[in-house]
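Okay, so chain A shows up in both of these, paired with chain B first and chain C after.
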Partner chain A sequence: MADIALTHAPETAAELRHARMLSAGARCALPVAILLGIGFAAPLVAILGYAFATPRSFDVFRSFTLENFATLFNPSNTVWLSFLWSCGFALSTVAILAVVAYPIAYGLNVVFGRAAPLISVLFVFPLFVSENVRLYGWVLFYIKNGVLDGTLKWLGLAGGPEVLFTPGITLFGMVYTYLPFMLFPMTLGLALVPRDLVDAARDLGAGRLLIWREIELPLAMPGILIGMLLTFVLAIGATAEAKILGGQSIIVISHDIEIAFTYSQNWPLGSALAVVVTAFIGGLTLFALSKLDLDRMLGRR
Partner chain B sequence: MLQTLPTEAALADAPPKPILQLVGVRKTFGSFAAVENIDLDVREGEFLTIVGPSGSGKTTLLRMLAGMDTPSEGNITLHGELINDVPPNKRPTCLVFQSLALFPHKSVGENIAFPLKVKGVDAAARKARALELMRIVRLPESYHDKNVMKCSGGERQRVALARALAYDPEVLFFDEPLSAIDYKLKKTLEKELKDLHRETGKTFIYITHSLEEAMVMSDRIGVMRAGRLVQVGTPEEIYGAPVDRFVCEFVGEVNTIRVKRGPDGLWSGVDVPGSFKVAPPQDGAALDEAFVVVRPEFMRFLGPGESADNRLEGTVYNEYSLGSRIQYQVRVEAKGGEKVMLVELSRARALPPGADPHVTLGWDAADAFTLES
Partner chain C sequence: MAGISRRSLLKGMGTGLGALAAAGPLFNSNKAFAAREKELNILCWEGYNSAQVLDPFRSKTGATVKAESLTNDPTMINRLRAGEINTWDLINVNNPWARKVMLPEKLIKPLPKAEFEPFFDKMLPEFKAPYKWAMSDDGKDLIGMAQRFGPYSFVVNTDKVSRKTAEEVGWDLFNDPKLSGKYGILESDDWNVFNIFIVAGIDPFKVHTPEELAKFEETAKRVFKGAKLIGDIASMNQALISGEIDLHLTGGTYSVSPARADGHPELRAITPLKGPLAGGKGGISWIEITSTVNNPNLSPLALEFLKYVQAPDVAHTVAFAEGTFNPVAQMGNKACFDLFTKEELDAIQWDSLEEEMARSVEYDIVPNYDKALDIMNAAKRLRG
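After this line comes the complex of A and B, so read on.
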């Protein structure tokens, strides 16, 4: 026994020292890990805790109940309607943005030439102004006797259309707000298409439409899909457009969560809703990312 | 050697009608003329190589022929029809890019069948033709579904070639496709390309900066310099009768001796003392001053009792192995110092080790030619 203990002693000491010493990589990552732990994971853990707390209480981590989820999935609860509206808005936003942003992205890559950087900056510029301020700007533009309506009347015309506080203007607001988030990944995606390949396809007899379908679109797809994913995730969690432009005529899902936390003072219910929505969007995103094999699309595998 | 090939013989008998004709073709970018006043007849079925240093305008010329650029001036005609403004997808020509421009998201088979898909050929016929072309370019059938980016450099060359052939063009253009390939594979592919040219009977126009490549494959070579076509001719003409010093030195290493007409009518050396004989027709009879040019492989060392039309005394101070051949650098006496002459001998005729470095260089009048100074 003594022999064994003696022969093992130095090794154990070395192992201990080794265990105490983190690797260089781990030490470098430590500050970020701590920051993420406190700033990113902690609120999520708190939300998760609240989701299982007694309704209308602040007994987080001290009570456990599934009552909040039961309330959400109760057929009499209309929260699913908000969820459907959010999904509808998000899907429509993505679809419209894909169609609107593609020509601009193509132009930035191929057509605009030296003007391209300036035009890019123009698309980034609105991001420097708070989203709410920009949305109130649109309200002033579309409101009765506002910029559009007032100007048309001053010109002796019939006056502007009454679009404010409708689902349509909410969608418009979302498309407007999230355009850069579709445009820039898409522009990068299109930049990945070597001009040589387009020239070669043309040289082999292909017309514009065929080149677009067979070469440009598939090779730009990684960028386009990332743009779609990004705008979908952003749009499904958007509230400001529905509140400010839509005038709360439609309540979207994140607005429901906000109401639960504020007016209703029912944090556990709001948390449960947040958990369900996060799980759904997160699951959908992970599913999409697993299907979206960038290496294969780029032909690296 | 090349004269015995059937294509060459046919060309010599009756030059076929030009398939592609360039008249006064110019291309300017701003005030810079990349291609200047080019006249060229490309014969049907020939392998024509345009060779020149980087920036000589050969790629610009090719892009105009393929339809990716339009000439600023001049006419390009195909079978007598003006094609200056015909887009590449409407021309019966096809370019193999320097980058090869293979479609990375498509398999080998899909890449090759792409021009057929464009033409609306059905899937079964496309596959059959793709496999047939893969046989022609010596790609194994199992590669049909392989991702093209997983292929090696040489395999990608073959895919690019098969894809171009699938388009069934009348003229095939090549933009230095072998420039990034290692030496041994390059030699193989050069021979295969030459074979393919003979088998298909199509017109090949090839661009390269490597004269060696041009010499191996071409029926005719065009040498470009600063946007101009300096000389067009068979490899023998380019090598044996270059029109100027640029072509002469571009084609290979040379010994040049500056000469002027002596009182006896012979060429007398300006820098290297002595008189030099050059046989007609390239003896520069009409000139008073010239360069006498001798290629290193036409020089030899004269033993005791051996004679040659021209001789020079010199000292060997360096030798390089060129593989099967050896190059000697020989210092000869010249005005104001010494001049270096190059001699290239096959290994069998090399100087024995420890031989006397004092040698007599000799060459015959028929192996030298003159160039205007």
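After this line comes the complex of A and C, so read on.
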């Protein structure tokens, strides 16, 4: 080994300089690295710094205390309620979307044929409109004497159900908002299922359920799991649905962080909460990805 | 070149960066100083940031005017504390902050008194110089200008709860179990702290005993639990108009005037006849004070802008800027008052403004606000 290393050692000044220069790839990546450093890493470092600063102060990087974390983990602090609600909402959103999006994804791949691209666009289209505007639209739809209630009364019926400003409508809002984020990875996952394999299984006498369980589901799993992970991460940080549709009937964890940064003006506590939530989501994501061997699933190995 | 080693290169880079860092502020400040002649940055409540108010000033001065609106005072003041004192020229917050907090902390600087005090003579009678909230504690310095103001307690739909009942029963409406689920709470947490204290029968603007804080906590839990929704001004007005709620805690001319102007005179800001506030008063009012930030390179346009908004037509525009409609102190000047139409006066409840202001104490700072806010936030989480 030593001999080999010696033969590659630079000898002339030119070689020395060349060896010290960044590789072409690293140089090309430099602008992106700088941009990520400023735009992505720096705010995270600031948040991390604030998390260890004296409560209700701006002494970032000048003070060090674990007081903020002690406050969060104090059993008398009810912030865990917000955290549980957020986790509950996120898990329910994922479960409902998995069931709702699967038939649509299947349809886009197998059933809708030439109409599939148009239908895809229809699902993407709402994303062009601000989320808040869409949610206020739903408020107008469900509000007393609004679109639904007013129309039903006009038809001589009893009127619409009172669903606004409840945890249930918050969940509805999240399912509605995050549908595309589950649908498209899932569609992609289902597209990976070779039709020949399904046909072969059918020729060999496998029933629909068996084909779905043994062929379609396992082969589409990478897309399904990526959709689930994406939806979960987005949903656990959702605020607008609980505020606009839910009328703050539930205070979700991201709303708690927002309150700490605004009315409470306790940036260190808000940062500590953000760090805890980020660590939780990050840990969960890494755990899920470690269990998920994408290469194997995608059949590249 | 051949003599350049990694060490010398790094050393050179280090020196260069050091020199750049040292020259940086100088360079920036020179550049900033040169540019400030045509630049003005305003930190304010919504309204002052509207194009109706700013565009004429922009065309008149040819300046780049930036205004950022926020919806609570502590956030704005902390922006200055966090180092943005070099960024902003004007700050527009509620009455006590300039005199009690920002001047002692040197976040703002006094105005040229001889130049600005005469404006107060043309304002409504209660603003005549020396106007308390515009003056420093020792009464020597003029530290800001008054403009928008209003009573701010709660709002009712008078088709459901009459004005008479609301004024007489007052804050106890929110203690009435029959109204549970029929009211909303405006998402304005500093005011909600005041109002939960008042619903609990306690004066918010004093130091509270543990027993009073326990009463505050019990009231906060009950009042938040009974609220149909918590939301912004638009959500509150929409819920009142649609019939989802009959009344909402925290609100006044500032919040309900857009709905009244939109053809809903049945919605009305209420100031109770009596309450636990100083002198047995029933409500709280706010007065905005706009001050010059203690910016080392204050834009000369800051003073220009303060004068500009005193003009009758601009004061009227400020009163009816987009978002919220409010009375302005300049209505004491007939030339300004005459610009208001009957509909506009009705939207801002001009008919009862004077008596409602008289029944209100002025916005103040809660000594143990942080503690009370933490209790209230915890109470909110128990809604679910």
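Everything below uses one rule, namely that the second predicted complex is superposed on the first by the 278 of 301 C-alpha atoms of A that agree within 3 Å, B and C clash if a C-alpha of one lies under 4 Å from a C-alpha of the other, contacts with A are read in each partner's own complex, and residues count from 1 in each chain.
In the analysis below, a contact is a pair of C-beta atoms (placed from the backbone, for glycine too) under 8 Å apart; a residue touches a chain by one contact, two chains touch by 3 or more.
Predicted model, so just to flag it, every value in this text is computed and none were measured.
J.: Mind checking the superposed model to see whether chain B and chain C fit together on chain A or clash?
T.: Once both complexes are aligned on chain A, chain B and chain C fit side by side.
J.: Applying the touch criterion given at the start, work out whether A:126 contacts chain B, chain C, both or neither, answering first, second, both or neither.
T.: In the superposition, A:126 touches no partner, neither chain B nor chain C.
J.: Quick one: is A:244 in contact with chain B, with chain C, with both, or with neither? Answer first, second, both or neither.
T.: second
J.: So, does A:159 touch the first partner chain B, the second partner chain C, both, or neither?
T.: In the superposition, A:159 touches no partner, neither chain B nor chain C.
J.: By the touch definition at the top of the document, which applies to A:265: first (chain B), second (chain C), both, or neither?
T.: After superposing on A, A:265 lies in contact with chain C but is clear of chain B.
J.: If we overlay the two complexes on their shared chain A, which of chain B and chain C does A:167 touch? Say first, second, both or neither.
T.: second
J.: Regarding the shared-chain residue A:58, is it in contact with chain B (first), chain C (second), both, or neither?
T.: Second partner only.
J.: For A:219, using the defined touch cut-off, is the partner it touches chain B, chain C, both, or neither? Pick first, second, both or neither.
T.: So A:219 only meets chain B here.
J.: Kindly classify A:194 by the partners it touches after superposition: chain B alone (first), chain C alone (second), both, or neither?
T.: Touch partner of A:194: chain B, not chain C.
J.: Going by the touch definition up top, name the partner, chain B or chain C, that contacts more of chain A.
T.: Partner with more touched residues of chain A: C.
J.: First (chain B), second (chain C), both or neither: which does A:49 touch?
T.: A:49: touches no partner chain.
J.: Across all Cα pairs of chain B and chain C, what is the smallest distance in the superposition, given in whole Å?
T.: 45
J.: Note which residues of chain B are touching chain A in the complex, please.
T.: 66-68, 87-89, 93-95, 97, 99, 101, 103-106, 114-115, 117-119, 147-150, 163-164, 167
J.: Considering only the defined contacts, which chain C positions touch chain A in the complex?
T.: Those in contact with chain A are residues 2, 6, 72, 74-75, 78, 81-83, 184, 187, 189-190, 228-231, 235, 238-239, 242-244, 370, 373-374, 377-378, 380-384.
J.: Which chain A residues qualify as touching chain B in the complex?
T.: Answer in residue numbers: 194, 196-197, 199-207, 210, 214-215, 218-219, 297-301.
J.: Taking the complex as given, what residues does chain A use to touch chain C?
T.: Touching chain C from chain A are residues 13, 20, 56, 58, 77-79, 81-82, 85, 139, 143-146, 164-165, 167, 243-244, 247-251, 256, 259, 262-266.
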